[in-house]
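Common to both upcoming complexes is chain A, partnered first by chain B, then by chain C.
Right after this comes the complex of A and B.
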């Protein structure tokens, strides 16, 4: 009887990825069958807000995993690689946001050393940056006003505060 | 168990959707759809375009290759302030989405109907072609664990095979006959979702679709109401007593 494996934290592959990773089909017929199946599954995901959020969460987490393997000077301008701690903090943020159905558009390594989560709606942008130095920077801006930049801490209360501020700014 | 009403204290519903496909509206209806931005206020303050971009590339034996891109407006998506309620008004249909927490059928159906009427009043005459009622569930169970302890619907694996599932995707298409119609169609999708350590989150996506050609508006909604016991029966039959106990 099939047993659910203990999920490997941060590593489990989802169906969203699995569909694209099925073995290379051996004939045109099996390839088209695979594409048809892929299309069906993708359609199921595309037409659900919840599944799109799950899919985006997995993509963002995949990006984070990739950043954890960067070396120093990854941008050829001398930037430090993101520390495992900043990757962990960003993952914690993503996990919180996934349950709130409010995800960043992307996560990127920071030129200052660390990881930043970017949020965007129309011309309103916000990012929360976890730096290797321990600084946590929240920035919010749009085309019409001066950037609002705040220094926060890594604790849970500040994470909640940052999420509330970002949400308010993005949805203004 | 009565299937017309099914209630669990901790429902695993992550999204419920009512969707109605209509005959393609003319491009002139775009202007009407845009009027919904004002009419959907104040409950749906956020509206975003739904569009489709088409890229066409042409390589010819003689002459230079040609490429073009075209963007087509399909409709608008509206979101409530808390993003828990969404509706789409498109040139080819309408859908209403309720994300968790899900309350109950009556409130879900009432809001779907209210928005559908708003859509009809705004864009004019629409001809329904098909409708669907879809419930997307995330069933959280301890891991490792046997799937059969929680679900009655799962992939059967020969005992000679490795038994540990790290993930799977299962999609079933089944014709369904009931008092509503004998041309119904169930699409069930099951896979594993991202989960917390020590647990597995199983997606159980049940979508029932029916043709609705030549249905009056009244008949259409009577038929949508009639899906309620059908989707309850299907969901109820998918779970073992242990799973029901977990969500009760």
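Right after this comes the complex of A and C.
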């Protein structure tokens, strides 16, 4: 797991120095120290893939929670709501991917009934869709070529296989 | 527009447009995602007998009134005729069919057919997925959805 590194410029006060000086601040000093720490945090967020992944993970979990409350016909064309099982499977996938620092850009409710984890980099797209019917569909494609479709199962081995294929396709 | 005894019109002009409702959740980076479509026979309104906004009208939504959040997609009927190969190497394609409803004369569907003889086919999971992907690439926003 990567470490969280906060670069410290020589001209700036280090975080440790700033903490040491927090003991008896005036209001101006406290504001400037807060701004300093805010700057550290924002810089860390910008430069840390780990923090960005954590933030996206929280967003994706929030989306999944929202999809678990959908009713039937949520898309106005008669789609079934995603079953709790497909939401659980997608959450399991997200938990695995979070530890690999490789998350989808979105999770998406499917009109076929279910949830898809959707990956995209430039024009390369891949998704793993868990269906209420028990089908598991892996798709990989770009703008021009014929889509590569694999029908998988819900087991751990197929999840690992799907992750490897998605990573290879997206990062090619 | 209600059907009111009007006939089915089988032919679709190449410049005719198909319309369909969509949700913002089905757009990523300004592109429609395949998760938008379901098979068999996804529904559309055809432009020969409707305006884009009609697809949001209760008459074309089983009487339901939808609030904000829905937009309208469009695609040329000729572009929607995407094709692929089935597992036994036959060419299968999507074909627009006019299926009027009593309160929505413009209602149409895309049927999966065997190109050679026009017989309708229930597509396999793989073929269905290829169609979803190919269709998603063809549709664009006509009326943007709101959050």
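Everything below uses one rule, namely that the second predicted complex is superposed on the first by the 128 of 172 C-alpha atoms of A that agree within 3 Å, B and C clash if a C-alpha of one lies under 4 Å from a C-alpha of the other, contacts with A are read in each partner's own complex, and residues count from 1 in each chain.
Everything that follows uses one rule, which is that a residue touches a chain if its C-beta (ideal position, glycine included) is under 8 Å from a C-beta of that chain, and two chains touch if they have at least 3 such contacts.
For clarity, every value in this text was computed on a predicted model and none was experimentally measured.
S.K.: Applying the touch criterion given at the start, work out whether A:50 contacts chain B, chain C, both or neither, answering first, second, both or neither.
M.R.: first
S.K.: Does the superposition put A:111 against chain B (first), chain C (second), both, or neither?
M.R.: It touches chain C, and chain B stays clear.
S.K.: Of the residues on chain A, which ones does chain B touch that chain C also touches?
M.R.: Looking at chain A, the two contact sets are disjoint.
S.K.: For chain A, which residues count as touching chain B in their complex?
M.R.: Those residues of chain A that touch chain B are 1-9, 12-15, 18-19, 37, 40-41, 44, 47-51, 54, 57-58, 61, 98, 101-102, 171.
S.K.: Enumerate the contact residues on chain C facing chain A in the complex.
M.R.: Listed in rising order, the residues of chain C that touch chain A are 21, 23, 25-26, 28-29, 33-39, 42-43, 61, 64, 66, 70, 84, 125-126, 129-130, 133-134, 137.
S.K.: What residues of chain A sit close enough to touch chain C in their complex?
M.R.: 75-79, 105-106, 108-113, 116, 118, 120, 127, 129, 135, 137, 139, 141, 143, 146-147, 149, 151
S.K.: Write out the stretch or stretches of chain B touching chain A in their complex.
M.R.: 14-15, 17, 19, 46, 81, 83-84, 86, 95, 97, 99-100, 134, 136, 141, 143-148, 154-157, 159, 163-169, 171, 187, 189, 191-195, 197-200, 202-203, 205, 207
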